[in-house]
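The same subunit A turns up in both complexes below, where it pairs with subunit B and then with subunit C.
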Partner chain A sequence: MLKENRILYTVLSPVILFVLWEGLSRAGVISSEILPPFTTSLYGSCQLVASKEFSKHLLASSYRWAIGFSISLVLSIPIGIYMARSKRLYNFLDPLLTLTYPVPKAAMIPILMLWMGAGDLPKVTVIVIGCFIPLVISAYHGAQGVETSLIWSARAMGIGERAVLFRIILPASLPTIFSGIRMALAISLIVVLGSEMIARQSGLGYYLFNSLEMGLYEMTYSVLIIISGIGLFLDAIFSLVMRKVLVWA
Partner chain B sequence: MKKKSISLAIKKTFFQYYSVFLILFVWEVISRSGVIHPVLLPPVSKIVVRFFELLFFGKLLYHTGQSMFRMWIGLGLATLVGVPLGIMMARFVVVRSFMEPLLSLGFPIPKIGIYPVLIIFFGVLHFSKIALIFIESTFPIIMATFNGALFVEQKLIWSAESMGTKKQKILWKVILPLTLPHIFMGFRVGLIVSLIVVFLSEMIASAEGLGHLMMSSSRVFRSADMFVAIGMISFLGLLFDRIFLSLRRKALKWHPEAALY
Partner chain C sequence: MAKLVVQEISKIYKSGKEGRDVEALSGIDLEVNEGEFFSLVGPSGCGKSTLLYIIGGFIPPSGGKIFVDRKEVISPGIDRGIVFQEFALFPWKTVIQNILYGLEQRKIVREERLAIASKYIKMTSFQGMENLYPKELSGGMKQRVAIARTLACNPDILLMDEPFGSLDAQTRVFMQDELLRIWDETRKTVLFVTHSIEEAVHLSDRIAVFSHRPGKIKEILPIDIPRPRIREEEVSRGQYIKLISYLWKAVEREVKGF
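Presenting the complex of A and B:
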C-alpha cells in the first residue's frame, strides 16, 4: 500500500506538469502559437532527431563537449591532486582560482574567438576552462582529506611513491572527485549551450536560438525537450558510472 | 607601531597573491612589447584606464545598475520562494513527494535552454532575465534548505513541544535557526549562479547591462572594454561573496560549529 503510494506520488507531479502543459494549450487558455501542446512538441523532437540538418548540429555540439570535457578531466584532476601534495603549487594556484571563480566562463567566448578564430578551438577551450575550477578544487579537497596515517602505514610497509599515489591517494579521493565531476558536468552543459547561443555558428544552442528568431516556436520547444533529455541522460550515465566505480565506498 | 603592522599586512597580501601580480605583470609586458597585438590582448594598464573612462564618461554605471537590478530581483525571489519551499518539503510528506521528482527531473537539465521559451513568454526586457535567474538560483537554495531542515534533530522539536512552544514559534526559534547554515550555503551558490546567468542572458539578448556592454564592444573590436565588462561582473561576484561571508560569520556566531564559518 505504502509502496504503491510512493510510486504514485513520484509520477504524480511530472504527470500533472505535462497534463497542465497539454491542457492549457489544447483548451486555448494559452495560445498554441506561444505554447504548443506537449505531445506536438514531443512529436516535433522525434522528427528533429531523425532530420539530417538537426543531427549535424547535435553532432557538432556533442563532439565539442566530449573533447572539452575529457581534456578538462585529464588536465585538472592531476593538477588538483598535485596541489594537495605540493605547497608551492598550492600557493601559486589558490589565489588565481579564488579570483577567477566568479568569472562567467561561457562569457569568455568572444575573447577566445578573438584569439583563436571562429573554428572549434575556442568552443572546446571554453568548455575546458568552464570545468577546470570545480574539478581542480574537488581533486584538491579529495587528496587533501586522505588520512596521513594511511600513507604512513603504506610507506612503512615499503610501498613506492607511485603505488602510494595510485593505490591510496587516488582511490581515497575518488568520492570527492566524483562530486566535482557532477558539478563540472552541469557546468559544461551550460557552457556549451551558452557559448553557442552567444557565438551563433553551429550546435544545439545556435539551433535553439535560430528557431526562436525565425518565429518557429514549436521547434524551440522540441529542441528544449531534446536538450532536457540529454541532460537527464548524461546524469543517469554519471550515476551509473559512479555506482560502478565507487562500489567499495 | 600601527604603521608597521599596515606595511606588514600589505607585504603579506602581496606574497599571498604573488601569482596574480606575476601574471598581470607578464600580461602587461607581453602586450606592451607587441608580441601579441594589443587589440587581441590589451595591456592591463589600458584596461584600468578604460574602466575609469567608462565609469565617469561612459555608461558603465548604468549597465552595472541594470544587471544588478535583474540579478537581485531574481535572486531575492528565488530566496523568498526557495527557503519556505525547502522547509515545507522537509516538514510535510505531501509537499516532499510532490516536489522531489520535479527537483530531480529539473536539476540535471541545463536551465539556460529554457531562456528562449522565457523570451517567448516575457519578451527580451527585464522579465525574461529575472525569470531565468529565478529558475537557475532557486534550485540550489531549495536543495540546501531541504537538506538542512531534514536533519534538524527531532529531539529538539519534541522538547520544545513538550515545553509548550507553539507550532509557529518552533518554526522561528528551532527549525529556522538550525537550518540557517544550510540556507546560507545554498544562497552562496545561488549568488554566483545568478551573476553568471545575468551576464550570459544579457550577452545573448539584451540592449543594456554588463553582458550587453561586452557584446557590443566585441562587435567593434574594443577589446579593452570587453575586459572591463567581464572584469566588472567578476569583481562584483568576489565583492558580494566576501560581504556575504562576513555577514554569515556574524549571523552564525551562536552556532556550535561557528569556527567553521
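Presenting the complex of A and C:
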C-alpha cells in the first residue's frame, strides 16, 4: 500500500468518529446536554489544560504513574528473567501469578490505603502491582525463548554464567519484553484512573468522575479527550523508543 | 600427547520422552591431534552433537573425562570455540560487534582488538559490511560471521556442529572451500559434526563413524587424499569415490540397524 494511502486510512476512523459525534450532537439527535459537540469538548480540553487547578491533578497522576511504572519495570523484568532460568523460582511464583491474575488491580486501592495510609504510597503500589504480571510474563517468555546456542556461544567466549543473564538473555528477550511493556502501559493508565476514581483525592481519575457525578458532562468529555491524548502520546513515545532500541530486530 | 583426549565418555539422559532413561553415548574414546581436521558422522540421534557439547563443556558427561592439552575440561572455555548450525549470532550486535564480542572480554587494548577483528573481516571478505545486523545477512554470510567471531577469540580447538546444515547446496559447497582455506591459514584443530559424508571426506584428515543409539564409535577412518583438495579433481578420483561409498555403507548399516 502507498504511504499516503496508509496515512489516509489510519486517520479516517478517528475522523469519522469525530464527525459523527459533532453531527449527532449539533443535529440534536442526542441531547447536547449528555453529548456536547466534539469541538466544544475539545475547546473545553484546551481550557482545562491551561487551568492551574487541572494541571495540579494532571501532575499528581503523572507523578504517580511515572514512579509506579518505573519501579515495576525495574522489579518485574529481572524477576521474569530469573523465573526462566530457575525452575524453583518459577514453581514458587507461578501459582501466585495465576491466582492474582483475574483480580482487578485498581480495586485493591481501598485495602492498600487501609495498610499504607492515604498518601501516594498505596497509589504508586497499585500501579506497580498492575504492571507486574504482564511485565513478568513477557520477560519470562522472552528469556525462555532464548536459544541455548546463543548462551553457549557467549560462554565459550569467556562470559561467566551470571553475566550471561544480563548480557545475553536480557537483550535477546527485548522484543518480547517490549510487547509486555506496551501491554503494561495500557494497564497502568487504567489502574491510575481507576484507583484515583476509588480513592477520590486527586488526579485525573478523580477529576473525571467528579465531573460526572456533579453533572458537568461537558467537562467529562473534555477530560476524556485529554486522557485519549495522553494515551496516544505515551504510545507514540513507546513506539519511538522501541524502534530505536530494536533496530536490529 | 594428543591435543584433545576423550576418555570413556558416556551420557545418559534421565527420563527421556519415553519416560525412561536414554543412553545417548557409551564408552567414547577418542584422540585428536593438534591441527587435525576431525569429523564425526553417523545417523541422526547418534549423539555426535552431544559429544561435541560435552567437549565444549556445555553439558556434563554422565561418565568419563575430556582433556585438552592434558587439562581436564569442566566448563566452557575460550580454548574451545563453537560454531552452530543456526549461526547463533547475537542479533542485537552488528557484524563487527559480533566479531569483537569475545575480544572485549579480555584485557586487550582497543587498537589490537580492532586489528584482530579487521583481520577476520578480511579473511571472511566482509569489508564494507561491518555495520550490518545479522537479520540483513543471508545464511551463508551469517555463518561466515559466526566463524570469524569464533576465530577472533583464537581458540585452540574449533567445535563445529553441522555448521553448513541449513545452507543451500551451492552455498554449502562454497562454505566448505572457504572453511578449508581458513583452516589452511590458521591450522586450528577442528572437530566437525556433519550428516554429509561427502562433506566429511572433502574436509577431514580422519572421520569417526558413530553407531546408532547408544552412540559408540564404530570405526575411525583416515582420509589420505592429498591437500589442497580441489573438488573438480576429487570427484573423478577413484580413492575419493571408494571412501564415500565405504562410509555410506557403514552409516547405512547404522541407520537401518534399529
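We adopt the following convention: the second predicted complex is superposed on the first by the 235 of 249 C-alpha atoms of A that agree within 3 Å, B and C clash if a C-alpha of one lies under 4 Å from a C-alpha of the other, contacts with A are read in each partner's own complex, and residues count from 1 in each chain.
Here is the rule we use: a contact is a pair of C-beta atoms (placed from the backbone, for glycine too) under 8 Å apart; a residue touches a chain by one contact, two chains touch by 3 or more.
Remember, predicted model here, so these are calculated numbers, not experimental data.
Trainee: In the superposed arrangement, which partner chain does A:C46 touch: subunit B (first), subunit C (second), both, or neither?
Mentor: Touch status of A:C46: no partner.
Trainee: Once the two complexes are aligned on chain A, which partner has more residues of subunit A within touching range, subunit B or subunit C?
Mentor: Of subunit B and subunit C, more residues of subunit A lie in contact with B.
Trainee: With the two complexes superposed on chain A, say which partner A:L150 touches: subunit B (first), subunit C (second), both, or neither.
Mentor: A:L150 contacts subunit C only, not subunit B.
Trainee: For A:Y221, select first, second, both or neither according to whether it touches subunit B, subunit C, the two together, or no partner.
Mentor: In the superposition, A:Y221 contacts subunit B only.
Trainee: Thinking of the overlay built on chain A, is A:V247 touched by subunit B (first), by subunit C (second), by both, or by neither?
Mentor: second
Trainee: Is A:F92 contacted by the first partner subunit B, the second partner subunit C, both or neither?
Mentor: Once the two structures are laid over each other on A, A:F92 reaches subunit B alone.
Trainee: Per the contact definition in the header, classify A:P171: touching subunit B only (first), subunit C only (second), both, or neither.
Mentor: So A:P171 only meets subunit C here.
Trainee: Now for A:L208: first (subunit B), second (subunit C), both, or neither, which partner does it touch?
Mentor: first
Trainee: Mind working out whether A:G158 is in touch with subunit B, subunit C, both or neither, as first, second, both or neither?
Mentor: The second partner, subunit C, only.
Trainee: For subunit A, which residues are in contact with subunit C within the complex?
Mentor: Residues in contact with subunit C: 147, 149-150, 152-159, 168, 171-172, 174, 247-249.
Trainee: Write out the stretch or stretches of subunit C touching subunit A in their complex.
Mentor: Touching subunit A from subunit C are residues 53, 56-58, 75-78, 80-82, 84, 86, 88, 90-94, 101-102, 105-106, 133-135, 149-150, 153, 155.
Trainee: What does subunit B use to touch subunit A in their complex?
Mentor: 16-20, 23, 39-41, 97-102, 105, 107-117, 119-121, 192, 195-196, 199-200, 203-204, 211, 214-215, 218, 221, 223, 226-227, 230, 233-234, 236-238, 241
Trainee: Can you list the subunit A residues touching subunit B in their complex?
Mentor: 6, 9-14, 17, 34, 91-93, 95-96, 98-108, 110-111, 114-115, 186, 189-190, 192-194, 197-198, 208-209, 211-212, 217, 220-221, 223-224, 227-228, 231-232, 234-235
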